[in-house]
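Multiple structures follow.
There are two complexes below, and they share chain A, which is joined by chain B in the first and by chain C in the second.
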Partner chain A sequence: MEIIGIWVAAFLTLCIYSFLYRDNPFYRFAEHLFVGISVGYIIIISIHQGVIPLAWEPLSEAISALWAEIVGTTTPETRNALWGLFRILPIAIGLLFFARLSSRHTWLIRYPIAILIGFGAGVAIPNVLQANIFAQTRGTIEPFAAMNAGTLSVLDTFNAVLIVIGVICTLTYFFFSVEHRGPINWLSKVGIAFLMIGFGAAFGNTVMGRLALLIHRVGFLLNDWMGSIF
Partner chain B sequence: MLEKIMNMDRRVIFILVALVVIFPTLVPVRMPITVSEPTRNLYDFIETLPSGSTIMIAFDYGPSSLAEPEPMAKAVMQHCFSKGIKIIGMTLLPNTPTLAHKLMRKIAAENNAVYGEDYVFLGYRPGTLQVILGMGTDISSVFETDYENKTVDEIPMMENITNYDQIDLLLDLASGSTTEAWIIYANTRYGVKIAAGVTAVIIAQMYPYLQTGQLIGLMPGYLGAAEYEKLLNAPGDGTIGLNTATYAHLLIIGLVILGNIAFFIQRRREG
Partner chain C sequence: MKRQIPLAFCFLFGIAMIFTQFSPHSYSQAVYKEVINWGLIISPFAMVLAVVTLIQTHVTRINLRTEHWQYSLIVFVGMIVMVLIGVPFGPQNSIVEWLYNNVQVPMDATMFSLLAFFIASAAFRAFRARSFEAFLLLATAMIVMIGNVPVGDLVWNKVMSWMPWTDGASWLRQWILDVLNNAARRGIILGVSLGVISQSIRIILGIERSYLGGGD
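This part shows the complex of A and B:
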């Protein structure tokens, strides 16, 4: 069985790489198969790991417990399961997403979207500010306290100064409330240099990442697939 | 000659890249590896944890990006099992559970680790935010059952683990923006110590978090995996991958230089 899997994977890998020569039916077949299988797999996993344990099981247990309550065969466990009835509310709100399928009831989708955006913004804003603004600002300024105390090495001092220059100049480049002339122009030009270095590093890392994918597939073809032949 | 270089068929470059990747894969040549500070910090942190500590590994990468995070996962799990550190595995991505579960089983079997006692795989639950925040209160409220459908409260390893307070480190092995989500919600809100092993594509975004201490360690791509393997003295997929990548990088640097020389010569001639 494993051998079949290796051969199928090798065939599909070669189909995908055949695009490097030119677009062809083998590539399109593998591409469509990949998209289809990915979506199908994600749906099944979402049902098994999300819908069933979080919605279906607690709700069905709660309904059974409710029935037991009605017929008088209740136990402490079934009474506890009754809490699952509260899940009806989030499930019902979630189901409103499907209102989009009906032109008459499409307005109902605003409710789950509003709840999601409200929850997301409420949770995100304070935490994002704390993690990405306050902590980063502190990280930029903090080394100067150590510098003042004389506990920072020469290299770390250079880094700290460089980071402050980079932050100020880069922010100046994105500051459009004043015309970029004179000193502001110079600062923003230095900011562009920092941005270019950042983009260059990101591009270099992207090349490295893409090569890693190629190396992994070549390793698979040479070791696993060819190894199964010879 | 200059014209030929400037109008080189891209397929020639593809063939050259393929050759420099195939050759070192067939004939491995070990390159020297210097361990960087972020990787060493992660290694040292795990090394100082006492036996019986617990780390949570979030396998936040998919099948299409497993080349880099998987060697990191192998190295870290091997390190943890050898030190008697317990591992809780989970994922925020729906296409990862099978992949991560299989990997955990494999590495655990190699290190004689027992499921439910030395490690557990919780699987996937939808909603990144809800999962991260929910586990801060009660892990079993998010994962009532693990990936193997066992009730989490009945798993021996999870007896004394309620939330992040009992987790010594959260390691996010990521190929996307999940590390930022862990930092923003788990670290900022609950104070969990976080380390990351990320694909090369997103390394640049992670360095600001290292400087502020929001990340205690970072493994950058194949390099991070190779460095960790060196610290463990157990060369693996990361070391092989990095060696091969080195040759490809040399080729690409050569091509970039060649292209620039040709471009400037041509511009001078035209000017």
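This part shows the complex of A and C:
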């Protein structure tokens, strides 16, 4: 089974690399198979890690508890499981997504969308405040506490000052409430320089990341696949 | 009614998520967990709708016999095989794992590695130091790439042998990432975060309602 897996993976890898020559039936086959398999896998994960543990299981336990309540065999545990009946509500709201398929009732899709967007916005505000604004600001000014205590080396002090200058200048570049003239213009120009260095670093890292994947695939073809032949 | 009630729901869920995160009371935490679960239950339905749309698109391609329509059948074969095996038996099933490890993961990695060629070709055509800013971008990208590979330090030590430190390429790369890149990234993150918060407040208060679409 393992050797078949290596041959299948090698065949599909070569199919995709054939696109480097030009668009061809092998590439199109692999591309469409990739879409189908990926969608199928997402469906499996959504059902087994979302729908079943969060909706199906609590609901079925609640229905069993409701039956126990009716026939009079209820216990504190089964009574607690009755809360699972509330899971009908998110299922019903989720089903409203299918209103999109009917032209007369398409407006009903606004309900699940509004709930998900409100939910996302509500989750975002405290988390973004905590993880991005407070943590990043703390990370920027924290080295100055060490500097004040005299435990920071000359290079680290220089780096800490450079980071503060970079952050202020980058933020100034995105600050459009005042006209970029005079000192603000100079600060924003320094901000552009920092941004260009940031974009250059991101580009360099992206290229190296893709090259690492390429090396990994070539390594697979040379070692695993060719190794299975010779 | 068709717009006001969804806006009210958006407000309620948004406010509930904010307040419950700041309140340590057990009831508040229970509500928080329940609403998170609601979100996780509702989201897969949106995914199902996306799958339905994908199926509709490919069925239309097959019915109309458009160019390369035969490949739409491959999409269905991949999807149906995964769903038929994976939904009843779960993602831990050996066949699903085999398909994931030998079909999906290799193709995913190969698709992304393919971009290495296109990035290199695009960079070769577009990377020109026409201005000071373009030079900075070019120079940083070069240093980061050279500093990422062992041969970079070898070249650095040969060419820049007059410099006081060895392994200069990897040191310089790390310094750029830790200091200059970090400063730019923090500036961007702070700006984006402030934008996210202001947009979230607009959504919760019903000022931003474009997600409801047109019509009455």
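One rule holds for everything that comes next: the second predicted complex is superposed on the first by the 212 of 230 C-alpha atoms of A that agree within 3 Å, B and C clash if a C-alpha of one lies under 4 Å from a C-alpha of the other, contacts with A are read in each partner's own complex, and residues count from 1 in each chain.
Following the convention adopted for this analysis, a residue touches a chain if its C-beta (ideal position, glycine included) is under 8 Å from a C-beta of that chain, and two chains touch if they have at least 3 such contacts.
Predicted model, so just to flag it, every value in this text is computed and none were measured.
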Which partner chains sit in contact with A:Leu54 here, chain B, chain C, both or neither? Use first/second/both/neither. both
Which partner does A:Val161 contact after superposing on A: first (chain B), second (chain C), both, neither? neither
A:Leu213 contacts which: chain B (first), chain C (second), both, neither? both
Could you tell me if A:Leu195 is touching chain B, chain C, both of them or neither one (first, second, both, neither)? second
Of the partners chain B and chain C, which touch A:Arg138 in the superposed model: first, second, both, neither? first
Using the touch definition from the top, say if A:Ile88 reaches chain B (first), chain C (second), both or neither. neither
Touching A:Ala124, do we find chain B (first), chain C (second), both, or neither? both
Does chain C touch more residues of chain A than chain B does, or is it the other way round? C
Between chain B and chain C, whom does A:Leu222 touch in the aligned arrangement: first, second, both, or neither? first
Is A:Ile3 contacted by the first partner chain B, the second partner chain C, both or neither? neither
What part of chain A is shared between its chain B contacts and its chain C contacts? 20, 38, 41-42, 45-46, 50, 54, 119-120, 123-124, 127-128, 132, 136, 139, 163, 198, 201-202, 205-208, 210-211, 213-214, 216
So in the complex, the part of chain A that touches chain C is made up of which residues? 1, 4-6, 8-9, 12-13, 16-17, 19-20, 28-48, 50-51, 54-55, 86-87, 89-91, 93-95, 97-98, 100-101, 107, 110-129, 132-133, 136-137, 139-140, 159, 162-171, 173-174, 191-208, 210-211, 213-214, 216-217, 220
Residues of chain A that touch chain B when the two form their complex: 20-21, 38, 41-42, 45-46, 49-50, 53-54, 119-120, 123-124, 127-128, 130-132, 135-136, 138-139, 163, 198, 201-202, 205-216, 218-219, 222-223
Quick check on the complex: what are the chain C residues that touch chain A? 2-3, 5-7, 9-18, 21-22, 34-49, 51-52, 54, 68, 71-72, 74-83, 86-87, 90-91, 96, 98-104, 106-117, 119-120, 123, 132-134, 136-145, 148-149, 175-194, 196-197, 199-201, 203-204, 211-213, 215-216
How about chain B: which of its residues touch chain A in the complex? 11, 14, 17-18, 21-22, 25-26, 64-68, 94-95, 97, 123-126, 129, 133, 144-145, 147, 183-185, 187-189, 199-204, 208, 211-214, 220-222, 237, 240-241, 244-245, 248-249, 252
